[in-house]
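Structures are listed in the sections that come next.
You will see two complexes here that share subunit A, one where it goes with subunit B and one where it goes with subunit C.
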Partner chain A sequence: MNVIVNGNIFEIAPNSRIEGLLKSLDKPLNGSALAVNGEIISRTKWAEYRLCEGDNISLFQAIAGG
Partner chain B sequence: MLTESEILRYSRHLLLEDVGEIGQQKLKNAKVLIIGMGGLGSPAAMYLAAAGVGTLVIADFDQLEVSNLQRQIGYQTADTGSDKVKLMKQRLNSINPEIIVRCINRKMDAEQLSLELMMVNLVLDCTDNMHSRHLINAACVQAKASLIVGAAMRFEGQLIFFDHNQSDAACYHCLFPKSEEQVLNCSNSGVIGPVVGTIGTMQALEAIKYILGLPSGIKNRLKLFDGKTLDWQTFTVTKDPNCSVCGQKK
Partner chain C sequence: MLSNKINSNDLLVIGDKKFTSRLFTGTGKFNDQKTMVAALQASQSQLVTMALKRVDMDHKEDDILAPLIKNGLNLLPNTSGARNAKEAIFAAQLAREALQTNWIKLEIHPDPKYLLPDPIETLKAAEFLAKDGFVVLPYVHADPVLCKHLQAAGCAAVMPLGAPIGSNKGIRTREFLEIIIEQATIPVIVDAGIGRPSDAAFAMELGADAVLVNTAIAVAGDPIAMSRAFAKAVEAGRQAYLAGLAGQYQHAVASSPLTAFLEAGLLKESV
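Now for the complex of A and B:
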């Protein structure tokens, strides 16, 4: 199935969980947050949260500067 | 009751239906703690002083450096080497002599922070590092203090309001769990001045709205600002029941 990650279409196995997607993205996750269709999914749920076809995923880092 | 000079000073507020004399009195009675007097804190403090927020407590333990001046526009080149909070207190009182400004010129631990939180209505996190952000968040959760968080780096800004008075409030740790990993800040990644100024200004706007009792557009909602496209993205943040700071299982 296809999902959108930061604007790019990405093919993943059906019923993939967030954790699986992140493994296949192979991106550093330092202080990152992740949202599915505009809702932040807390890190404690990444292992169990199942993605659906067409989900729009935003992955971004915390910034601390000020 | 507002004095005659206050009626003149705040006349553009008094014309607004959402402020008026009652709202201006609320601003006058309000006490706001602003932690960090850098690129976020200085515009936030200057706007809140100008708006007539009656008591501002400003905290920072840094001295002004010449590399701050590219974005921290409340300060002057001749003042480098001086304590930021002392410089900012002078600046705020010269903008508005009718308000009270108190300085905290040292690093606060959790204990001092919790004492300070008891004396204010609202906290603005304008700091420049993750450690302080998590310390402030935990203290605000515990004290049920309302917290407006701003951050900026490169051309990006982040803004969110946690109303810890309310039981459904998420917290900073729900959003960005504490970790030892290095995160991005202005000194390791750079920042463009107007982006950090925009976020600090938005923190002041949200503070004024909170004091007036107006609804917030960023309560449990993270705003990401892209300084290149000028787009704002919005994400809903839900309280994480498993959060080690604000959750039931803490």
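Now for the complex of A and C:
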């Protein structure tokens, strides 16, 4: 199935969880936050949260700043 | 004794945390991560700011979080990039998830040229976030009335500016900072515009509870040495404030009893 991450389409296995998606994209779990279809998903749910076809994911990461 | 107060009990309390250092630092604009970490260590800062960014899927960002945590630093994520209250609230909630802290430096600046904070949107967001359990530290103009509203809204501190972000122009808002400091019952952290250690010392002499410095350290010729200089300046300014500065006078006030010496008539006898 396909999901959109920050405007890019990625094909992932059906029933993929958020944690699996981040690992497959080689993105760090620490320092990251994300929203699925505009709703922020707590990291405590990443291991079990099941993604659906067409989900629009916004992924954010902590960076240096003032 | 005052010296005891300065050396052992002069802790800064914000929300649920206590700080012995009154120099807060930003992590932006450093040339490389190694320099950033060394500079932060040299600053003895215990609270550092971070930003949040939408991930670029084609690039891998440096992991700056791990060395900060390893050094035991408290993290203060900001909402930089937010142009209104709605965006700032969303950014704060993301930052809470990303960094696992409910501390937030609330900054809303819709205008990219001067990066001046929007007071109306900032107050709106502060009211919401304080109720949502955040420890809110809003970046604001040096506006005493707004600072009172933010205090009433439940903010943990206020962060009035000295001059525009990154301008290094120093404390241009002195008159208003003094009023804010006089009125506030929450800590006042002077943020933005501090370009040199003497600016930081000056802010502390005015009675600021802390200062936040980023650009002036990060882009200095030697950021690590500059961090040390800022740490000393902040400490000196704080000690001067606690010691009680001597007043200013329009006329001279002799420091030596010269008049008594002349009145003794010794000059006449020696000629």
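Going forward, the second predicted complex is superposed on the first by the 62 of 66 C-alpha atoms of A that agree within 3 Å, B and C clash if a C-alpha of one lies under 4 Å from a C-alpha of the other, contacts with A are read in each partner's own complex, and residues count from 1 in each chain.
Throughout what follows, a contact is a pair of C-beta atoms (placed from the backbone, for glycine too) under 8 Å apart; a residue touches a chain by one contact, two chains touch by 3 or more.
If you're wondering where the values come from, they're calculated on a predicted model, not measured in any experiment.
Once the two complexes are laid over each other on the shared chain, residue contacts for A:Leu59 go to subunit C alone; subunit B is not touched. When the shared chain is aligned, subunit C comes close enough to touch A:Leu25, but subunit B does not. In the superposed model, C is the one of subunit B and subunit C that contacts more residues of subunit A. Of the two partner chains, subunit B is the only one that A:Glu39 touches; subunit C does not reach it. Applying the stated contact rule after C-alpha superposition, one finds that A:Asn8 touches subunit C and leaves subunit B untouched. Residues 30-31, 33, 35, 40, 42-43, 58, 60-66 of subunit A lie at the contact with subunit B in one complex and at the contact with subunit C in the other. Partner subunit C is touched in their complex by these residues of subunit A: 5-6, 8, 25-28, 30-35, 40, 42-43, 58-66.
Of all the residues in subunit C, the ones that touch subunit A in their complex are 26-30, 36, 49-57, 60-61, 63-66, 77-78, 80, 90, 93-100, 165-166, 212, 214-215. Of all residues in subunit B, only 36, 38-41, 125-130, 133, 150-153, 156-158, 174-177, 179, 181-187, 189, 191, 196, 199-200, 222, 224, 233-238, 240, 242-243 touch subunit A in the complex they form. Subunit A contributes residues 30-31, 33, 35, 38-40, 42-45, 58, 60-66 to its touches with subunit B in the complex.
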